[in-house]
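Here chain A shows up in two complexes: once beside chain B, once beside chain C.
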Partner chain A sequence: MTPLLSIAGICVDLQSGGWLSPGGGARVNILSDISLDLAGGETLGLVGESGSGKTTLARAVLGLQPTSAGTIRFKGADLCGPADFHAIRRSTALMFQDAAASLSPRMTVGQAVIEPFAIHHESVADRRAKAAELLAEVGLPPEMAARFPHELSGGQARRVGVARALALKPALVIADEPTAGLDVSVQAEILNLMADLKDRHGLSYLIITHNLALVRHVADRIAVLYLGRLVETGPTRQIFAAPRHPYTRSLIAAEPKPDPRRRRRDLAIKGEIPSILRRPQGCEFHTRCPVAKDICRSAAPALQALGPGHSVRCHFPETHDKGG
Partner chain B sequence: MTDPVLSVENLSLRYRVPGGSLQVLRDVSLSVQPGEVLGIAGESGCGKSTLAAAMIDLTGANAERTAGTIRLSGRDILSLGQADRRRMRGRDVAMVFQDPMTAFSPVLTMGSQLVDFQCNLDGVSRREKSDRARAMLARVGLSDPDLAMTRFPHELSGGMRQRAAIAAALLMRPAVLIADEPTTALDVTMEAQIIHLLRELQADYGCAIVIVTHHLGVIAELCDRVAVMYAGQVVEEAPVDALYHDPRHPYTRALLACDPARIEEHTGRLPAIGGRLPDLTAPPPGCAFAPRCPLASDRCRTLPPPRVTIGPGRAALCHEVAP
Partner chain C sequence: MSSAGRKTVLGALLRDPMGAFGLALVVLFVAMALFAPWIAPADPIKLNVTQKFQPPSLDHLAGTDQLGRDLLSRIIFGARTALSIAVTSVGMAGLAGLILGMIAGFGPRWLDAILVLVFDSLSSLPMIMFALAVITVVGPGTGTLILVVVLVSVPAYARLIRAQTLALAGADFIVAERAMGASGTRILLRHMLPNVVGPLVILLSMDIPVVIMLEAGLSYLNLGVRPPTPSWGNILYDGYTSLRSAPYMVLVAGLPLVLSTLGFTFLGEGLRDALDPRLKGRGHR
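Up next is the complex of A and B:
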């Protein structure tokens, strides 16, 4: 079966600094050799710390970020020019991280949810009825159509973002931190709404987040990024049960457990993600890795397959065998 | 039991807003023992940040206290004069904010700000203050404190800025440190490090810490005691273990139930708390949580809930909870 979205060997390079800054003009490698597949109806969670390139990857998929190598295929067709990307944006949608800021302050909610039709030059017979229908889909009353974004709560703004994303009946929704800044009870409502809509419309989701508790519940598969490189990818259940990359294991261990009886004694991971301008030699993670050896400092590991759909980029992937 | 270092007694506070007033704190009483770590949990709009700001008398100009007192080491801080209040802040009680970028001035170096923060320290030269600042930056885990002293806030990473903000708050060795969402703007790996740091600093300096956060994981990792707030009231107060393993107030139970980190298996669906927060311009006569509560009866909707003492250090604001 052809995957809905297939990314192969994507690289993104950017020019660093301006012509005034010393050393400016050097190419900085933001994303390096990322390959991922997303099947129809599947939810893929993209996780990593700030600066790992999660959002850049999502932007590259939609053609909002020029790539320097690699191919993106959507429903089996190569995307290579602005016209192709315009077409993919018709059947994909992006939910932005800051939902309230992603809505124009001068448009009412009703206008905002109808806007995608205008962008893609599609006529809507009854705009008011269409707006009400879209709002009903995300659990908002029709009166909401007359409101302006500043009159909405965080959860309501999120719902409007979902309604806007669904307007054109996309096959793929890319959600950038879909619940950032929301309270836990509202977060649950938004996730449940997204799950319902997925069942109803057969959507695929690419969820970008640093919230591991969230991906554990919604994602079928997860991909872990570190400094613009894919370090581990596999089925969610398998990765949480037995993470193979030391970075994945540290991320899972760093999540505070809401149980005072399981307080951690020591830190799973120290230090900060290095600057992408000073990418470490060898394996990028060796500066923070608890099991780094000499080879990790000199040679970059390749992505190796460990099992069906599970691969890891590490010289010494962790084994979870007894006594190992 | 020793005297609390900080106590809030029957505090009610409202914000003047166009067309009325918002009753953000309603009869809140809390106390913090010396060296204790108290967590204040709750969702947006429950009044937890207002309570934290009130503890250091930093509420905005539109805030109006309608009742209650706040005592710091036995002194009523609201009866102090302006100059005394300024001296109290930073020296007796200090605060760490959510966004460390806005806590520092963007036009001064970290070093000069950290020296200026010690203005209440009499008889100490500028050089000594600078040494103290450098030592404190090293203590909070900045790898190159000399370099950090010469940097402007925007030149530090988010995690380093938050460490520097904690250093700034501890410079005067306050008896109480108030931290309002100290890890919310940070990555999980940095969050874990800041939690670890706060725990170490608490052990070293013995100051009491009040952590305000919506993140139940942070509270479980760090606190000795927890107060859960809802709609401007403390609805449950308990030692941390009891709160997580035997929550008594229906709101606390609902809040814990919908935290995805507590549910281990992949479910796809999460429990949510239906309904909305009440309108605080006209709080309901009965229990504020009644419209969303599975146990609510007629009594809950009409009569204000009593404060039921459940055990030592445990209380809940509820009609239905058994003592």
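Up next is the complex of A and C:
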């Protein structure tokens, strides 16, 4: 079966600064050689620290960010021109990290959720009823349609974002940090809502987050990004049970545990993510890697397959360690 | 914006004493300009040499000028001249600035670079000098005045709109529109426009008195509105030449100039306070 979304060898480069600024004009590699598949009905968790390129990847998929290499296929068709991207934007919805900011400030909630129909010139017999129906689907009362975005709470804005995302019955929903900035109880509500809608409409999700607990609960598969490179990808259960890349292991080890004594301090990552302007030589992760050896400083490892759907980019993928 | 939103802007404007005063003056002058033929007591260009230099009296509330024309009527029709030139030119400049600014801010970078270069070149010219140069080439008249004002003020408006548009272009709700597949035109008209016009309206309202002054100034120099069309500047000039025999003429022509300038400036400042989102909700929440 062809995957719903297939990304092959995507690279994104940006020009740094103006041509007059010091060191300006240099091409900075933001994403390099990312390949991912997403099957229909599947949830893929895209995990990484701030600045790892998660959001850029999501934008590249929708053609909001020009790519310098690679291909994106949606429903088996190559996306190459504006018309193709228009098509993928029609059947893919993007949910923003800051849901309130993603709503036009002078449009009411009712207008906002109907907006996708207007954009794609799809007539709606009764706009008010349609808005109410979409709001009901995300558990909001119809009176909410008259509100303006600045009058919404964080959880309500998020729900409105979900309602708008669902308006055109998309095949794929890209959710950027769907729970960021919400109370734990509201986080759970939003996640349950997303799971319900997935079952009801057969959605696929691409969830972008730094929150491991989140992907552990909702994702079928995980892809870990580090400095714009895919370092490990595989089925969620497998990755959490036996992470192979030291970065993945450190991320999992850094997760808060109910029993603090079980936390693995030896796997803690040291320091900060290096600047993308000065990529480390060799393996990008060696500056912070607890198991780095000489070869890691000189040669970049290739992505190697370890099992069905599980691959890792490391010279020394650990096998014996069960990752805390 | 909803009608409720408009009501609160007007409400905030009326609650501010300066804003209310400005609005009242502006309404007064606009009414004068619109209904000039009905409220003017006499024909503003009808000569009556036997009645020249009459000081203010019950027959001529503001007196008469050196040709015996009723000054109050000339002032009232002068409001029509001043406002029609100011509103036409500022309106045209505002519209052009809005369109060019949005194109510069939202369009391709090379177009932006060219437009910014044009704006900068135009705004480096001093207004009066530029006006004199254009009048020398094209000849004086109402059309020339409007042309000068439009050329000189477009850059300021376009730059304001460009900055607003640039700031909005990266906003999440604009990216969201693009992600949903909205066309550039739709984004510009439905989402950018309502969010960038507010500051422009304030600037336009504050620029109207500048144009009124320019018109009066050029007419005073006999380079603006051609006589016998009444203009506050013409009347001021006539008053100046006959300052000794009829000192009231200068006062009668100067007063509306001062009051309209104050009115539009106060209105602009009141609007700025009423529309400023940081001050929104002040006093009614």
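Keep in mind that, in the parts below, the second predicted complex is superposed on the first by the 310 of 324 C-alpha atoms of A that agree within 3 Å, B and C clash if a C-alpha of one lies under 4 Å from a C-alpha of the other, contacts with A are read in each partner's own complex, and residues count from 1 in each chain.
Following the convention adopted for this analysis, a contact is a pair of C-beta atoms (placed from the backbone, for glycine too) under 8 Å apart; a residue touches a chain by one contact, two chains touch by 3 or more.
Values in this document were obtained by computation on a predicted structure and should not be read as measured data.
K.L.:
Taking chain A as the common reference, can chain B and chain C both be placed on it without clashing, or not? Answer clash or fit.
P.N.:
fit
K.L.:
Does the superposition put A:261 against chain B (first), chain C (second), both, or neither?
P.N.:
After superposing on A, A:261 lies in contact with chain B but is clear of chain C.
K.L.:
Looking at A:105, would you say it contacts chain B, chain C, both, or neither? Reply first, second, both or neither.
P.N.:
Second partner only, chain C.
K.L.:
After lining up the shared chain so the two structures overlap, which partner does A:299 touch, if you call chain B first and chain C second: first, second, both or neither?
P.N.:
After superposing on A, A:299 lies clear of both chain B and chain C.
K.L.:
Return, as a multiple of 10 degrees, the angle whose vertex is the Cα centre of chain A and whose sides reach the Cα centres of chain B and chain C.
P.N.:
After fitting both complexes on chain A, the angle is 80 degrees.
K.L.:
Let me test your reading of the model: by the given contact rule, A:213 touches which partner, first (chain B), second (chain C), both or neither?
P.N.:
first
K.L.:
Have a look and say if chain B or chain C is in touch with more residues of chain A.
P.N.:
B
K.L.:
Under the stated touch criterion, which partner chain does A:236 make contact with: chain B (first), chain C (second), both, or neither?
P.N.:
A:236 contacts chain B only, not chain C.
K.L.:
Once the shared chain is lined up, is A:250 touching chain B (first), chain C (second), both, or neither of them?
P.N.:
first
K.L.:
Just to confirm the geometry: in the superposition, how small does the C-alpha gap between chain B and chain C get, in angstrom?
P.N.:
Here the least C-alpha separation of chain B and chain C stands at 5 Å.
K.L.:
Shared contact residues on chain A, chain B side and chain C side combined as an intersection?
P.N.:
After superposing on chain A, no chain A residue contacts both chain B and chain C.
K.L.:
Under the touch definition given earlier, write down the residues of chain B that touch chain A in their complex.
P.N.:
Residue list for chain B touching chain A: 43-44, 157-160, 187-193, 195-196, 214-221, 223, 240-241, 244-245, 254-256, 258-263, 266-273.
K.L.:
Which chain A residues qualify as touching chain B in the complex?
P.N.:
My answer: residues 49-50, 154, 183-189, 191-192, 195, 210, 212-214, 216-218, 236-237, 250-251, 254-264, 267-270, 272-273.
K.L.:
Within the complex, which stretch of chain C touches chain A?
P.N.:
Residues 1-2, 171-173, 175-183, 186, 190-191, 194-195.
K.L.:
Using the touch definition up top, name the residues of chain A that touch chain C in the complex.
P.N.:
These residues of chain A touch chain C: 59, 62, 64, 86, 89-90, 93-94, 96, 98, 101-106, 108, 115-116, 119-120, 164.
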